[in-house]
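Chain naming follows the written order as A, B, C and D, and within any one chain the residues start at number 1.
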């Protein structure tokens, strides 16, 4: 079939899958060059997340900020579709892994992509500033660009339930602290605050930063790509998803629907009508 | 690395994946030995489903019964967790494929496995009869075994919403018709009716067959393995899942939760309390 | 809590979920106004798919074309990621519903969205023609627009494995037949052929229509929205996914990876290095 | 519709979803009674995972052991089905959340349920000891029971790739350390070692504990229910799944199959044959 040698073909097959993340041989596992037995017990779970997604180890200050972001987004209760789905799934006879999958799966552009869009917005504004534009003008141009691309809803700012999202000010305080200690540049906290100011000026009312806007400040400061803001949010929210799937499993219930069983949806379609069997053939 | 020849290794790699379903070379695709261009336009979608899962073509009578079962189970409305999940997913910014996946995923032992269990129960009773046990005794023994294994809930019989599930009598009439025409044996329709009688005698009230019990009669008559009863139900319900995900996409909405937005769940956990920062270190 | 009446609140809750697809009360189920017991045994599975996604019944000619498209796309073998995922999942101890979910889930923009993009391209060209532009110019403008938006890869044309995709000519012949019989307009077949001609003129070689391009002709002729091209493909491919998950289940195997077990991936990351425990604190 | 009062009905709807995990009102979010702003920056991510799944805070020693277990199981490379699926998904045009979902979904009884089964086995042995049976006899009886229920494969012991799984001894050393410091009982480490001894005596060769057996010792020591061993493994493995999905996204590729593109599977099905169109009607 081929004029390649046997080892050429083995190499071809092995080359089909390439990774810089994990290096393995029988009895040995290394991540980013470090032996697993050296990492276990010595690095924190957030540091491991960093190592896996970035290829090196974070500083303690970086790990601390990442940990704060991961802690902050675990759960928003059974009215969040991700959590409701996990709970419903748990009543349908699937394992916790399946309930988690159905739920994490919906953390899409609207539910889970808000942080990704916010990091992209912050990067866009920072890039304009690198080109010499002043903060206020860069924010205005960045917002206009974002609105043109994605519509007038500015992800990361405003919350339909919380007048002030209690997670955001706490996260921003940690960012400010780290900036003061020179552990991070602090530029993305400044940009995010300037966005709030511009939105206030434009709309006549404050639209405060929410969890997605605040964690995006952290992810941008830590150098994560925008896509990873979504990925890290998925890791964080998986905790709440697991907790609710497990609580629902313990509560029991079979095939639990969204509203109490005796109530039924509002039907808006065509009136009932007879089916004409003869109409089948033409 | 190896003393195998190049073609040995190519064979080893190609042997890693083996299938009797699809035979392909550039420009040619065959399923079960038939060229795809001969099948398209000539066989029905249910016949194609049969060919893929069984390896040969059904008779027209078999295809007709399979089609009836597939048509019957597409949807049970937004109170079914599978449908509610599809609709919620559609408001979270994911594609129709993702909404379908999150929803099909929950068709587990409770929501989707009922047909699988019912086929297994019918098989168990038929096996007892093959060993010479009479119908009534075989049903009693089959039910007792089922209850010992899976609890007192007999899947396939009774419905929490429909006093009589309107899909079941229609499916059973088609089964009876096919049995009279000698297209099928009819034994599983007899077994299922005898289960109804035994449940009536045991409980003092009729617990009529539901959609799962009736489609299981068809799947058993057609010779499908119990596991495929679940798989075929997934194909059928995928239609309703797609329809609702698409309708919800058109309705719009963002991150739609299970109950109206202003309402919130009942919290049953510990009282609010202060967090003692100093308790962190021991 | 509210000045609304009890029935106002019940209505509010019931209105939270609205659908025109299914109308239900105890003992009765109607889709698009038709009683389920009238549909079972009387309409084909493709006609049911049409009713659920469109709200009315297809003509026999429409149902026949939809059926052909659904039959054509069920499977492309274990080298397709969707099929490989289904088979791997089946070796990890999950149910057929879960294996189907993991696999259908990946029918995204690249794997499953090709038909959706092709329908959108055909619509765009048809709209230009409605505005008075001639076929050739409309095709050229449509292609240029598509390339500007999505890159130079024109979905629906060309196949990395099949010089000529055997499914496409057969589907197009059915479209031509239906157009000749005046069951459909035939305009989208004309547009798709003109795209082939323009690509030939531009690239100097024929890039023949593939399964996605051909089914998109059918879906466009039948009036399906582009998004539903993806949804219908998911229904079709679910059949192959189920068949392969089931075949793999019967073959057995535990935690089956992509390549033969003794082979391992090519590691491309950092060299092994010591972990400095003291570096943990700063 | 009802004789209930308006607030009765609001309560009925709100009671439909009940949780002890999260307590929320506009501007306030509490988990297990603690305000989120008090938790962010003050507790570790593993402590947050504990709080969400257990309802209270861990001691530092408990959090440290949980952290070690979470760090240990993140990844086993592209030959693990979960990781291969994440990488394939990333080439099909879906988001990181979707790639994670398809992959986490397959952490079922075989791939992800090993830890769950191991915790259950340890509990079973511990329960026998509570009833007065000695260690060796309790282990023998527990193993016999496990084999009768689940077959001769003892999850948690032995590894098809690693002669000694490098993660297990390190985790067990941390368990021994914590037991010596009286932070945990240490009984499950003793039980797991006794299982190794019994397997050695029965089979004549050592079948050393693997990652699942070792993390199960930790989860059992920490008082997690067996089901949560699977859930916690899903959280841990989600990290590797994310990392590989992201790396593959950066590598690019479209619809990447399991083996190199030019190779094709081994077809084992029926020979090619003609399709008899006339056979359609009976």
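Heads up, the rule we're going with is that contacts are C-beta pairs under 8 Å (C-beta built on N, C-alpha and C of every residue); 3 or more make two chains touch, one makes a residue touch a chain.
Predicted model only: the values in this text are computed from it and were never measured.
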item: Both-way neighbours, i.e. chains that touch subunit D and touch subunit A; value: B, C
item: Centroid comparison with subunit B (C-alpha atoms), farthest chain; value: A
item: Centre distance in Å when subunit A and subunit B are each reduced to the mean of their C-alpha atoms; value: 33
item: Centre-to-centre distance between subunit C and subunit B (centres being mean Cα positions), rounded to whole Å; value: 21
item: Between subunit A and subunit C, centroid-to-centroid distance (C-alpha), Å; value: 27
item: Sites on subunit A at which at least two other chains make contact; value: 10, 13, 16-22, 24, 35, 39, 43, 77-79, 84, 94-95, 97-98, 101-102, 105-109, 112-113, 258-260, 264-265
item: Residue ranges of subunit B touching subunit D (in the complex, touch as defined); value: 10-11, 13-25, 30, 32-35, 38-39, 42-43, 55, 57, 59-61, 94-95, 97-98, 101-102, 105, 258-260, 263-275, 277, 279-282
item: Residues of subunit C defined as touching subunit B within the complex; value: 12-13, 16-22, 24, 26-29, 31, 35-37, 39-41, 43-46, 48-49, 52-53, 64, 67-68, 70-72, 74-79, 84, 87, 95-98, 100-102, 104-109, 112-113, 161-164, 166-167, 169-171, 174, 225, 227-228, 230-232, 234-235, 238-240, 242-247, 249, 251, 259-260, 263
item: Contact set on subunit A toward subunit B in their complex; value: 1-10, 13, 77-82, 84-85, 88-89, 91-94, 98-99, 101-103, 105-113, 160, 254-259, 261, 264-265
